[in-house]
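Read from first to last, the chains carry the letters A, B, C and D; within each, the first residue is number 1.
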Amino acid sequence: MAIFIDNKTRVLVQGITGKEGQFHSRQCRDYGTRVVAGVTPGKGGQKMDGIPVFNSVAEACLETGANASMIFVPPPFAAEAILEAVDADMELAVCITEGIPVLDMLRVKQAMAGKRTRLIGPNCPGIISPGACKIGIMPGAIHLAGGPVGVVSRSGTLTYEVVHQLTCEGLGQTTCLGIGGDPITGTSFIDCLQAFAEDPETQGVVMVGEIGGNAEEEAAAWIAANMRKPVVGFIAGLSAPPGRRMGHAGAIVSGGRGTAAAKLAAMRENHIHVCENLGNLGRLCKEIFSEVRP
Amino acid sequence: MKIHEYQAKELFRQAGIPVPDGQVCHQKEEIPALVASLNLPVAIKAQVLAGGRGKGGGVLLANTAEEAQVAADKILGMQLVTLQTGEEGTEVKTILFEQAIALKKELYLSMLIDRERADIVIIASRDGGMDIETVAQQTPERIVTVHVNPLLGLLGFQLRKLIFDLDLDPAVKKPFTALVKKLFALFLDSDCSLVEINPLAITADNTIMALDAKMEIDDNSLFRHRKIAATHDCSQDDVLEVAAAAHGLNYIRLDGSIGSMVNGAGLAMATMDLIKQAGVEPANFLDVGGGASAEMVENGFRILLSDPNVRGIFINIFGGILRCDILARGVVSAARKVDLSLPVVVRMEGTNVEEGRQILAHSGLNLTSAHNLNHAVSLLTAMVP
Amino acid sequence: MKIHEYQAKELFRQAGIPVPDGQVCHQKEEIPALVASLNLPVAIKAQVLAGGRGKGGGVLLANTAEEAQVAADKILGMQLVTLQTGEEGTEVKTILFEQAIALKKELYLSMLIDRERADIVIIASRDGGMDIETVAQQTPERIVTVHVNPLLGLLGFQLRKLIFDLDLDPAVKKPFTALVKKLFALFLDSDCSLVEINPLAITADNTIMALDAKMEIDDNSLFRHRKIAATHDCSQDDVLEVAAAAHGLNYIRLDGSIGSMVNGAGLAMATMDLIKQAGVEPANFLDVGGGASAEMVENGFRILLSDPNVRGIFINIFGGILRCDILARGVVSAARKVDLSLPVVVRMEGTNVEEGRQILAHSGLNLTSAHNLNHAVSLLTAMVP
Amino acid sequence: MAIFIDNKTRVLVQGITGKEGQFHSRQCRDYGTRVVAGVTPGKGGQKMDGIPVFNSVAEACLETGANASMIFVPPPFAAEAILEAVDADMELAVCITEGIPVLDMLRVKQAMAGKRTRLIGPNCPGIISPGACKIGIMPGAIHLAGGPVGVVSRSGTLTYEVVHQLTCEGLGQTTCLGIGGDPITGTSFIDCLQAFAEDPETQGVVMVGEIGGNAEEEAAAWIAANMRKPVVGFIAGLSAPPGRRMGHAGAIVSGGRGTAAAKLAAMRENHIHVCENLGNLGRLCKEIFSEVRP
């Protein structure tokens, strides 16, 4: 078991003929993902490494039964690409694109209310259920299939670091996903935590936050009220100065809100196992999750 | 991207939002002619991107031409220190002469993105001229907030809430409503992440006017706002940050002594935190992006070495798909090109990590491989005595 | 509200949607001067609100001025019979002279409200000039539909779907996209319930042009489209319907002999159905509204009596809150005022229903009370032999 | 029990100081409805028959705990009035107003996706749970409390006719509501049928449709698949000519769709008890619902 994607997920790639789209479509397919279609308007009828390309998401879904989309469309057109996936009633859209204007994402987010599609991202590394399906740009090889740990993060390479440490400790992962570094994201920590809570294979969760917004605080409160599985938390940006955007559009302390200290405090108050030192994260997880393994 | 008050006011003017008459001045020599042409009294305002200008002496009022000349001479070229500039302050390269307005009431009005609710929040208060965070803390009941769904736009009941809760005089309702609508349209049209008018003046004759204007444009949207993007004033940015941006590097200068070069923003922040945990201070945030090519590493080195405070460097690259032998060769070649002499700790991860370490060890350069993050931290602790 | 082709084309022109050059003519005397000024060949088109003009002889093509004169003379003033007008047809009071266009392809394009999905559906087909319902039945695969969320507007992938599925020539994409966008904006701006362009021509030089234009405006929106509302051509409406509308009555004339007057549209329809079940035919739909005042009843009587086919009247008022004695007095007084001689069955419900019946029974007029609907039906059956 | 409203429902009236608003607020209160507040912008602080008037729905909710709104706002402003109720997170908004432009309602309907508020109407008589709460303009006195019948209709006075016949036969009603005669309505037949299906007190449902659209066809299909309680169906407009709008904006047969014959056929196919003759509806219900009474 895993969350959101598994070995039955059928993936299409929006922007498959672009450089990034091509490269990562191949990587995903090589990992074992069922990449069944690509979409590039005007290139319908072509093939990319044997993967059929369509002019629209709707057509691709109809012809190939794709139910998840990986989006590599440049920022000016990415919001519309997400809306096209929503319009085609996809189950999942994973938007890798970084740099989408925030007003575009406000509109997308509001337009998705009440719709079936789950959006992961944008500005995210994607999602992987090790051994089953990878939709995103993360290196597949660092993952270890079979659980028992779920990983959810706002970051990219920092997530790989976390996963790598888990794998080094022999702790496999059920699903790892980055929800994205932008202020507006489709899927929240709480959405993922809820899914992990319901996933029988997941025994514990690592949650990797960073400065900016209050998603970690909200998640911590949710965990205290709803989560029975242990959660290890880490926050990046303790040393970040206020008022500066630390790479990610969403990683900024402004008006005294969104500090790492406040997030860590919220985690501690809500019985999350806080990891103070990134170097020790794997070992801490080993301790905590070993206790709960059945 | 922040823009100057006078630039924001120009956008206001184009959007039909009333602002006082004003004149911009960049050169000392222009002052006398401008002063002669002004209606008095006049405000002289330093155009800097940092807030808190008034307390720092960056805003002065002049009742006579002589006073205006003195004030302008004083402000233009001064090193203005505010809470947001740091101790060294920032040089005032532009001033705004602005007609002083007779007002009977000051309001506060701002619009910004609410990331939790994914909408646009309008914040208003009867206490114009005051810092809104202070008002929020001390008299939260005097603050009105309205959340606007960008798909629906401003609705009548939302405008009414502002008017009722601000307890506006009936005579002001119409101009206030018009102003809020125009400002909201400007917010959307210009992809703002923030607009703030503090104070928003109600004048003696019940017109309404933006006396100050703060505006931030979403960086991600600049591709569709070329005109605004072109007005960006780099002169107030850190020179290294400007140089880094020109290379597509995401760099922020800090006060410490250990430079870092990382791929990925989250890992870069976490790396700064590790440096601090090692007992030293990070000199910067530097995200070279997911790819981490030799060229990026070389440019990163150049930026880090331009900071005289840097006494050691920590490279933390989680390659994943990237092969470590290729990365190591890139680091060595870049280090040679920039004639690197500072000690460097390299922590890398990816395929062929052992070969990569060998390449670093045999490079003859001051490059030390860390086996993992904790090892890197101990190496950093040792690096700077 | 339907508007004429020439009126819709004027709105198209204002919205930047290309239409052929045209001249409107209301008077026979104007024809010669107009014909002399025209570029040939020219189409002469009857301006009636009913569809199917072409088959009824309402559209003719002329290659010479003489032909144009003859065609115009023939159409202007004719009694045009189409599938939608009924046997008597409708008089052509206006014609449109329109330059004939050399085209290489005809498309179909329409936009309307989708009530089930609560959005706007765009329907297009490669088979322009054909009846869309026929195409939908015979070759549904040649029809493209796109659903547009009014909050989001037309999106790029929706425009692309139209272009790909219509298999448009690359040279036509730009003008086609521009036209669809403008038409959609017009649809929203004018509160349309339908716009239809059939055919939409692709000309020899790859421009795109609306050769026909059908447009219906949402009646509920007319308060914000006073200009369009003022263009409404009552001359083609039933005179009784026009008179009823002037009194705020919702009246539709039918072919039968039993008039009905009801409060509420649903009950009015159900009442027509009851008349039919009684073996007679309803002469009208008439909803006097929830209130059912004496004035409304009187106006209703006048409308019903103006229809010479009416041989009996069924009043069905479910008062609820209304008192039946008051209603009955209103009916009696109205009947006296209009000098009513036809037989009337009155079915009323509400407080004091017995007193109401007494008032009707003692009025000396030909008013019969029904105790319930089935009783009313039997009275109606008996009414007209 | 009843659906959507009961004796705990706290009602505010948007447009309470207008002629209609005043009259029906009084009628509702006299019937026993808890009318706790009114809203008329600019008249905040006044009272209407002792009912406090507020400037905004949000304020009225905050001060009085109102959870349902009855809307008597003129057509040009009615769509915004609904959105104000949605913004205030009301549970229920009942919009009586007739004549709202259909594009306004499209926007409202799309904007309500994923929101908590249920909209009944517009252009409807409202909803009544006899003996407990009435939100609307229907005559209260014709109703009989205690069930077992639920009534749902697209019409106004036709609904009263139906209810009257039920009451004459001694058949009480759990809840009666008109979903409205416009093309776009907030609550559908299916929404109501589902609620009646789940309401233990409701033993059977009368569904009153009319020409236009295909809501009745969809409801019939839903009933066949999901409904275990008997449904009596009636359709108005068998004698209506195509292409003419029969009073209600939504009551029009266009392009051969929405005919009464098609609706009756769909009902018959899906085992709904069709009432052919309105005069017999009460008697038919008596037969059918008497059999199923516990």
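Heads up, the rule we're going with is that a residue touches a chain if its C-beta (ideal position, glycine included) is under 8 Å from a C-beta of that chain, and two chains touch if they have at least 3 such contacts.
Fair warning: this is a prediction, and the values are worked out from it, not measured in the lab.
When the partners of chain A are compared with those of chain B, the chains appearing in both lists are C, D.
Seen from the Cα centre of chain B, the chain whose own Cα centre is farthest off is C. Here B-D and A-D are compared, and the pair linked by more C-beta contacts is B-D. Note on chain placement: the centre of chain B and the centre of chain C lie 59 Å apart, centres being C-alpha means. We define each chain's centre as the mean of its Cα atoms; on that basis chain B and chain D are separated by 54 Å.
Rounded to whole angstrom, the centroid-to-centroid distance between chain A and chain D, based on C-alpha atoms, equals 43 Å. Distance between chain C and chain D, defined via averaged C-alpha coordinates, is recorded as 28 Å.
In chain A, 107, 110-111 are the positions where the chain touches two or more neighbouring chains simultaneously. Annotation for chain C: residues touching 2 or more other chains are 149, 151-152.
If each chain is drawn as a node and touching chains are joined, the picture has every node linked to every other.
Those residues of chain B that touch chain A in the shared complex are 84, 113, 115-116, 118-120, 133, 149-151, 188, 191, 193, 218-221, 223-224, 250, 252, 254, 262-270, 272-277, 282, 285, 287, 290, 318-321, 349-351, 372-374, 376-377. Residue ranges on chain D touching chain C, taken from their complex, read 27, 75-76, 99-103, 105-107, 109-111, 137-139, 141-142, 153-161, 164, 181, 183-184, 208, 210-211, 213-215, 218, 234, 236-241, 243-251, 255-256, 277-280. Chain D meets chain B in the complex at residues 41, 44, 55-58, 77, 80-81, 83-84, 87, 107, 110-111. In the complex of the two chains, the chain B residues touching chain C come out as 151-152. Put simply, chain A touches chain D in their complex at residues 113-115.
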